[in-house]
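In the two complexes that follow, chain A is the common piece, with chain B as its partner first and chain C second.
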Partner chain A sequence: MSERSGVIHDLGYRRYDGPRDGTATIARTLYVTGLRHTYGLGRSGKSKILPFILLAMATLPAAIVVGVVVLTGLGSLPVTYADYTNQVQLVISLFAAAQAPVLFSRDLRHRSIVLYLARPLSSSVFAVTRWLSLTTSLLFFMWVPTFLLFAGALLAGLDKSDQLEGLLKAVVLQLLLAALVAGVTGLISSVSLRRGFAVVGSVVALIVVSGVVTSVQAITNAQDADGIGVAAGLLSPWSIFSGLADAWHAGVVTFTPPGSAWALAYVLVAVVLTALCVLGLVARFRKVGSR
Partner chain B sequence: MNGTIAKLALQALLGRRRFFLLLAFPVLLIALVTLITALTDGDAAFDILPGLGYPLVLPLVAILAASSVLGPEVDDGSIVYLLAKPVNRYVVAISKWVVALAATLVAGSLAILVASLITGDTTRALGMFVGAVVAGTAYSALFLAISAITRHAVIASLMFVLIWESLLGNLFTGVAWLSIGQWGLRVGHEVSAKLPDPANLTWAVLASIVVTVAGVWFAGDRLRSFSLRGED
Partner chain C sequence: MAGVTGELTGLLPTNQSVITTAGLTKHYGSVHALTDLTVDVGPGVTGLVGANGAGKSTLIKILLGLLEPTSGSASVLGHDIEHASQEIRRLVGYMPEHDCLPPDVSASDFVVHMARMSGLGAAPARERAADVLRHVGLDEERYRPMGGYSTGMKQRAKLAQALVHDPHLVFLDEPTNGLDPAARTDMLRLVQRIGSDFGIAVLVTSHLLGELEQVSNHVIVLDGGRLLRSSATTDFLRRTGNLLVEVVGTETERDRLGEALAQRGLTCRPRGSMVAVDPPPPELAEAGAVHDVIRDVTAELGLGLMRLEPDHGHLEDVFLEGGAHV
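Right, the complex of A and B next:
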């Protein structure tokens, strides 16, 4: 200090010369935090209530099914893995609708997005990371009952290769579904920042539209106009899921099962829709982040 | 009933995008029913109403209306300015409920009437309408009460409608005794025998009145002892 005698105050600030973590580390931390927040972990006790009640509601029937299989010695599960997910779609949709605003609305509404973007993390990486968090959390939500069923089936001594085949089909379909549902609910919650309206919007997109599609399919099936019903199935994530599961013989029965060409179209539409939603999210966060 | 508060609540309800979301429900319902009536026949299209319009669209409209008149103010804390005015809290609750009720009846019950008239059979349509008015009244009071209790009013109300009334109501017939939608249908059954008759008429009428009065009173009571909380 002797050579800089002119300095009045020298508080001894020093530069940081150590290693710096890049975008990848920030994104990974953000991903894990987002994943935890969808279940209220690391937040107040009150925000844990809803996700865990919903998870319990989605899992309880699986536990009952396993109990019935073990006690009565059934030769197979009364419900396939993909069909189970289809049966509890109401609970899964509610979970997605309720928890998507946690990841996508809050930062935008309270402008804490500015603090995230002050770090070397671009708004597009932020949006994609949040989407990945929600996708993973939805997958976890569907996998808990699925793997409970699987474990129960194996312990009850059911045929291993049959169960494994059903499980693999369900897991692939769930992957597609989770990515699509996360994209749709995320986009809705990032546009509509009031929590209540985001939830209603997501419920409309997931539950109401799917109800409309199902009744349209039932009617077109009764009128021998299956083609329209199959095409209508492209409009809702759940009808894409059940249609694909039906086409793939995963144990779901729909009114208008898509043929093999239509099944390919279903997969393509699901992937394209997901991609569009993610692009929409990126555009939305870019716009808000640049303000 | 306070005119100014009702007017402000109406403005909050009709403000910007919310209005379009509220408007979307009746428009889509009527459009769908018209389309199916044109493609097939009225009876096939009518199945949409007890299957989708009545158990899903009507409560969603009620949730949206009830949470729009109270939710945003509770959410951003500006309700304290309203509560600081020398107005009886029950009057505040009643004024807001009247607006939510009007919106539910116009966007929900009236839409159901129009949609079921399109499918033909006027008596059946009137029965649906009576049921929808009864259920819409009780729904809007219940959801207003829920909005006054919790910030997560929309999700709590949705869980009541989707999990309790729809999911469990389809599995256990006994749920009809504790389901607003079923009470409405029971009252509507008096007009048109084509509607199902769950539960008991006296019970349905009394329970609907009790839920409505208790819901509005409870909302007022919650406003009377309102405490601001941070976001959890």
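Right, the complex of A and C next:
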């Protein structure tokens, strides 16, 4: 008995001979932790405030719409799923701008990246995992109101196959959008390590550029020079999203909808731009990690 | 426990090298951070000594796979750095020289997270983090955000994350950096325990030979990216076991003494206000013989002997001596 308690209170070093996870499991742990951190979960109470206020702002209109549709028995939703995302783009952009630094600036600024890269995950797996966390976080942010609307539509007894089609289109477009926005805001945050600069940079890239593009599209449309407006649409994630939604009849109306060839170009640009951002992130993490 | 020890010795037989490098070279443009480094590091504590910019951190980063060497090869725990760097990073721990702790996280949360990033499950990660934080002496403070830590506490937290996954080898890059004398002694004692009690091989860097010779079994000295010397600490002390002599007066008296000692067959050189006397030639090797010669010579010259003591080993000796030999 005394022997055992002696062992329990032994202050000597104990070796660890239990199981060790492989790279895939470690990456999954990092992914889940990163996803939680974008909502302040597992962090200080203070860091939960902003993401949840923004989520509430992005969801409240959907809740009102659902209430109206269910109570008044409207024959259709006043807004399509894709258009809803387009309408609350300001809030989504703010969420991305504010939370990307959590995943892409902190480790670089405080140099804890070195501690990660001295462990099994490589810089490429690390960067891709971080990007996946932010992409998922953005998808979740858009899907909460989207699926709330869908539930409301079903509750109000609207045609299920119509609703499903609209929902499916929205989900695919949101996937493309989330991947691109996560790449762009991630790269900006990994370069400008001061949180303020990162947020401003992302706001410019998402909100300001999008506003400029929309103005250009409105002007070129009025001047019968739609081609320029369509091409300008390639410059912002939001105009790519709305242009594609318009071309795909997902219920978004733009000044200069792309034709089918241009729509393909929109998709290609979105994919290539996302890939370039992820490659840029890998290079950035590798460089800082070796210092 | 016996099984663990068995496994460990299976992995690291005492006669096998923990680290070997062959012709390892790293150039940053015209800066030659490491040049043709060929060394062998065994189990226990190995000190890596060199002045600022000697290439210590560069060597560690190459061994971890964070930097690619310009040429040459190396293996760590039997794994080649070029082909099995991920396997290496599974088995080693790393304490960087610079700050690397997020200020808004507690040491406890951070070390648990780092354990998970090394592949430990949630429960063992918590258990080991608590254990290791206790070993490094961060008990009470570990639930506070690390931003408020003193340098000493930060160094302990950095050490804890390097040990939490029970590595077979740890790289400690200047663990005593910024510590006051008491904290320095504590840290050095801890380093020694890691090598002996914990059974983890240690490669620890410093620019002070004096502090590493207390805790290392073996010392490697780098100078400007080149290997100056690699030998067991005992050899090291014997070979640097010079004598320091100081006499009353100015440089004139110092030089008169030096010249007179040289005429008696001793190799001397000035160091500050003192004369450093190399280990004696064979005919004076008998215990006390050199002391007698020095006393005689000072008396003959009519100089006042202020100090005659063994040299405690300063890095500059090694450099001077190495420069003379190489």
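Simple rule for what comes next: the second predicted complex is superposed on the first by the 272 of 291 C-alpha atoms of A that agree within 3 Å, B and C clash if a C-alpha of one lies under 4 Å from a C-alpha of the other, contacts with A are read in each partner's own complex, and residues count from 1 in each chain.
The definition used in the following text is that a contact is a pair of C-beta atoms (placed from the backbone, for glycine too) under 8 Å apart; a residue touches a chain by one contact, two chains touch by 3 or more.
Given the structure is predicted, the values throughout are model-derived calculations rather than measurements.
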Message = Contact-wise, after the overlay, does A:Leu94 reach chain B, chain C, both or neither (first, second, both, neither)?
response = first
Message = Which partner chains sit in contact with A:Lys160 here, chain B, chain C, both or neither? Use first/second/both/neither.
response = neither
Ask   = First (chain B), second (chain C), both or neither: which does A:Gly289 touch?
value = second
Message = Quick check on the superposed pair: does A:Arg28 touch chain B, chain C, both, or neither? Answer first, second, both or neither.
response = neither
Inquiry  = Applying the document's definition of touch, where does A:Gly196 land relative to chain B and chain C: first, second, both, or neither?
reply    = first
Request  = Could you look at A:Gly18 and tell me whether it touches chain B, chain C, both or neither (first, second, both, neither)?
outcome  = second
Message = Just to be sure I read the superposition right, which of the two partners does A:His249 touch: chain B = first, chain C = second, or both, or neither?
response = neither
Request  = Considering only the touch criterion stated at the top, classify A:Ser44 as touching first (chain B), second (chain C), both, or neither.
outcome  = both
Inquiry  = With the touch criterion stated at the top, can you tell me which chain A residues are shared between the chain B interface and the chain C interface?
reply    = 43-44
Inquiry  = Give the list of chain A residues in touch with chain B in this complex.
reply    = 43-44, 46-47, 50, 57, 90-91, 94, 97-98, 192, 194-197, 199-201, 203-204, 207-208, 211-212, 215-216, 219, 222-223
Remark   = Within the complex, chain A is touched by chain C residues 1, 3-4, 7-8, 61, 64, 66-67, 86, 89-90, 92-94, 96, 98-104, 109, 113-114, 116-121, 124, 128, 131, 134-135, 161, 165-166, 193, 197-199
Key: Of chain B, residues touching chain A in the complex   = 17-18, 21, 24, 28, 32, 36, 39-40, 44, 47-48, 51-52, 56-57, 60, 63-64, 67-68, 71-72, 75, 151-155, 158-159, 162-163, 166-167, 232
Chain A residues within the chain C interface of the complex = 11-23, 25-26, 29-30, 33, 42-44, 106-107, 110-112, 114-122, 289-290
